[in-house]
Amino acid sequence: MKRFKAAAVVLVLALAACSGGGDDETTKAAPASQADIDKAMQTPTELTFWTWVPDIQKEVDMFTAKYPAIKVKVVNAGQGEPQYTKLRTALKAGTGAPDAVQIEFQYIPTFSLTKSLVDLRPYGAEAQKDKFVDWTWSQVSGANGEIWAYPQDTGPMGMLYRQDLFDKYGIEVPKTWEEFAAAARKLHTADPKVYLTNLASNQNGAYMGMLWQAGAKPFATTGPESVTVNLNDEVAKKVGDYWGGLIKEGVVSADPDFTDPWYQALNRGKYATWLTAAWGPVFLTGSAKSTSGKWRAAPLPQWTAGENKAGNWGGSTTAVVTGTKNPVAAAKFAEFLNTDPAVTKRFATEQFLFPATKALLADQSFTGLKPEFYGGQTVNQVFSDISGTVDTQFQWPPFLDQAVNDWDETVGKSFADKSDTGAALDQWQQRVSDYAKNQGFKVGQ
Amino acid sequence: MKRRSNLLTIGMLALLVYFLLPLFWLVVASTKSTGDLFSSFGLWFTADFHLFQNIGQVFTYGDGVYGRWLLNTLFYSVVSAGGAAFLCALGGYGFAKFRFRGNSTLFGVVLAAVMVPTTALAIPTYLLFSKIDLVNTPWAIILPSLVSPFGLYLMRIYAQDAIDDSMIEAGRIDGASEMGIFFKIVLRSLAPGIVTVLLFTLVATWNNYFLPLIMLNDPELYPITVGLAAWSSQTAGGGGSTGDLLALVVTGSMLSIVPLIAAFLLLQRYWQSGLSAGGVKG
Amino acid sequence: MKKGYLFILPFMIVFVAMLVVPLVYAAYLSLFREQLIGGTVFAGLDNYTRALTDDRLIGGVLRVVRFFLLQVPIMLLISLVAALAIDSGLLRFAKVFRLGIFVPYAVPAVVATLMWGYLYGPDFGPFAQLAGSLGLPAPGFLTDGGMLGSMANIVTWEFVGYNMIILYAALRGVPGELYEAAAVDGAGSWRIAWSIKIPALRPALLLCLIFSVIGSFQLFAEPQLLQRLAPSVIDSAYTPNLYAYTLAFTGQEVNYAAAVSFLLGLVIVIASSLVLLATRRRPA
């Protein structure tokens, strides 16, 4: 099964009923001329922008300062799934959808399938390609070369670990997953109240990042109406059995994350590591204040010694929504927000979004920071290096919500119940394939 | 003359504790900082009295959107409840005091509608509303809340009992129009029943979660229930600097129930008087 | 009398617009199938046959049936006892009790669930704290085995006051002469409660029961909010209403969701009729 060169997803052109205002011209539109763009940017316009980035008004103001004719109304319609639900119903209804929207990488195929996103190529997106880290650009690209969004922030995965606990129990920073498993056993035997890590049974995002790192190809779009679903192949089983095994053994916990008990556990030192994304370090600084100075960062352990691979968890993009009356202004807004050096720098330093641009990842004033929480380690540098090792081939399914929901109720549940993860993987495969078939896809493996 | 039973009083006291303890916890919790919420015993205060800071934070977080939510809730529920009570009073009186073709059939249909599950309605209503541009407006919450089959049922029974046919006859003999009779004579006698229906629909709209969850996109329009649930899910969202919303959710919850409890205590005598007819004859 | 129409017209207009029309529209939607690939096609009764063999839906329905059988008798019993006690005249401070028990009804389900969710917390909820200080393990409120009971407790807490007030109001409507006659015959308070008051409450109890059937089958806010605390316990098909919501908004299967909602409505009608049938007064 030869992999497709371009990562990410094929847009299914002729299909997708009922997506609001699904006009075809966006995909084939001729490039907008500079004159068109200039004119659009001087025409009084109001854009609506859905985002959950806190205090983003400042960055938006920087845009409107440059283009005074354009007003931007910022709406926080919820974080993640609630927002997508609202977006979808608004699109279905044909009214109430925003012009531009914050959307996570993994949801791009889901929304491009229903023709809900505007291809940004006619508005000069291709020229921005080199500003962004390669894997982020392949995440926002469609199979026919469409560009569905501008990357805003990213979450290459690494390992945050408690230096003090490692020292106390004589644990070396594990370089491979084999060493990691051994360390998990050693630590938990030494102190049954402590786990080397917690793999949250409700957190599909982290798990997908693990699959990503292992080189799994759970989903691929192989044609306009066909997808492949490989959730229980050899690589997927390797990852699933590894984690399922450690959890069943009782040396790794599977508490739901971002819940109050989980926050408490982080503060109390129940977990000696957090396998997290590049946004994790700042997040932890705010959530586990009492553990300041005790944490360090390292890359994820590897499946093969000496390799250097990573996956991604989280991060998002800015996309333009089909049906906008002002595609030019909306596209330029999305572009400005994610390419303007002052704005992106502000995102990185004020909202602590982990950058998607090459320039910032190489910027000494960003990578050179030595937060006290990490004992003065240059954490950003660690994750900046990791970002360069993220596989560019990973693809998401065009029905992400369903795939995640099914994961929660099969694989995630097997972690929570300490039951057979292998069987759960088969179930996951079965449920997702059934859903895809029901939705009219040709499903392959 | 009546003997009091201490045993019964003690038994009921236990029941009362069960009903009020969670609320007491809520009040205690809203006086604590987030740190103390986790580290101190839940059912007693700590030395660090954080209530006013918490309240201040609730009303300032997100540009003071919480205040908006409170006002929205108040507006939605007062308008819906007032409208629903009025429609029920008119309709209940009509069903109770006029014999017309299809009276009991229509009434039966309305009563049966109580059983329609909310999801069955919410999604098609959403799609229909979106066609006429009502989605994401206050009307999307108010219009569906105007229908209260149970309210109609109560008002019909209440009108049957409380309105004397001779009063209506007297009005007719005086040459008053039917509407005139309703507004001048009937409405006053129906008042306790109307207040009861008003309270029921007020609570129903105040508590409504499913409908606004679907209908509204703009946080500026949220009622308090959807707003609090959104805050609560943000604490669980992770992924960015969402900060520390736990104390906000707790204090916001506490503040949100104060107005309704106050309304309950003030209007409590109406509950009983309006319901006695409905309950017995049901 | 034709003038009657005038009075019911405003109600009926809103009723038709907000209830009948959406319902008919839902029925219409349920006959189609919309696919991500292939668009919308007429599906006849396919959605219904699918629903009838959908294990997840059936599992959810059986779960709310269990919930109903567990929660409703307890709730109505407490409501009945409370109403009788307050009405008995044997209670000191009866008014305080009446108000205190009624107050939770003023608390929105969302707030009640958030609140109980914290109280149930296995690490720092007051119950876990108490258990911990006594050296006991934290009670498993949010576990697979405990969840249904925990949810039943929340719903009971919310609605005892509501049911109590309906029953109490009905009690106040019982003519006083009946009691006096009984008292003359030498009947004590318990006996009066048993042989006069409870039979008189029959219609009111029935009303409460029917509302409870409807409420149980439509359970949504409580499981939806508790899902966040116990994601591996509450899945998306935990209750039929939650399932319909997930189908429509996560799976984008609006048409199937409409069929599921329709069937759910049917189940509620059947369950209510069963209740009515089972409690029908035997001929004297």
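Letters A, B and C mark the chains as written, and numbering starts fresh at 1 in each.
The rule we apply is simple: a contact is a pair of C-beta atoms (placed from the backbone, for glycine too) under 8 Å apart; a residue touches a chain by one contact, two chains touch by 3 or more.
Note that this is a predicted model, so its numbers are computed, not measured.
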item: Chain C reached from chain A - shortest hop count over touching chains; value: 1
item: Winner on C-beta contact pairs when A-B is weighed against B-C; value: B-C
item: Geometric centre distance via CA averages, chain B-chain A, whole Å; value: 40
item: Centre distance in Å when chain B and chain C are each reduced to the mean of their C-alpha atoms; value: 16
item: Of all residues in chain A, the ones touching two or more other chains; value: 89, 92, 259-260, 264
item: Where chain C touches two or more other chains at once, by residue number; value: 118, 123-124, 228, 254
item: Residue numbers of chain B (touch at least two other chains); value: 38, 127, 233, 236
item: Parts of chain C lying in touch with chain A, wherever the complex brings them together; value: 34-40, 118, 121-124, 144, 228-233, 235-236, 246, 249-252, 254
item: Chain A - residues contacting chain C, complex; value: 12, 15-18, 85, 88-89, 92, 113-114, 201-202, 225, 256, 259-261, 264-265, 398-399, 401-402, 405, 408-409, 412-413, 415-417, 435, 438-441
item: Touching residues on chain A, where the partner in the complex is chain B; value: 52-54, 75-80, 82, 86, 89-90, 92-96, 155, 257-260, 264, 279, 282-283, 286, 314, 351-353
item: Chain B-facing residues of chain C, complex; value: 1-8, 10-12, 14-15, 17-23, 25-26, 29, 78, 82, 85-86, 88-93, 96-97, 99-112, 114-116, 118-119, 123-126, 129, 157, 160-161, 165-170, 172-174, 200, 203-204, 206-207, 210, 214, 217-218, 220-221, 225, 228, 240-241, 244-245, 248, 254, 257-258, 261-262, 264-265, 268-269, 272
item: Residues of chain B that touch chain C when the two form their complex; value: 2-5, 8-9, 11-12, 15-16, 18-20, 22-23, 25-26, 29, 37-39, 41-43, 87-88, 90-91, 93-95, 97-100, 103, 106, 110, 112-121, 123-125, 127-128, 143-144, 146-147, 149, 152, 178-179, 182, 203, 206-207, 209-210, 224-226, 228-229, 232-233, 236, 249-250, 253, 256-257, 260-261, 263-265, 268, 271-282
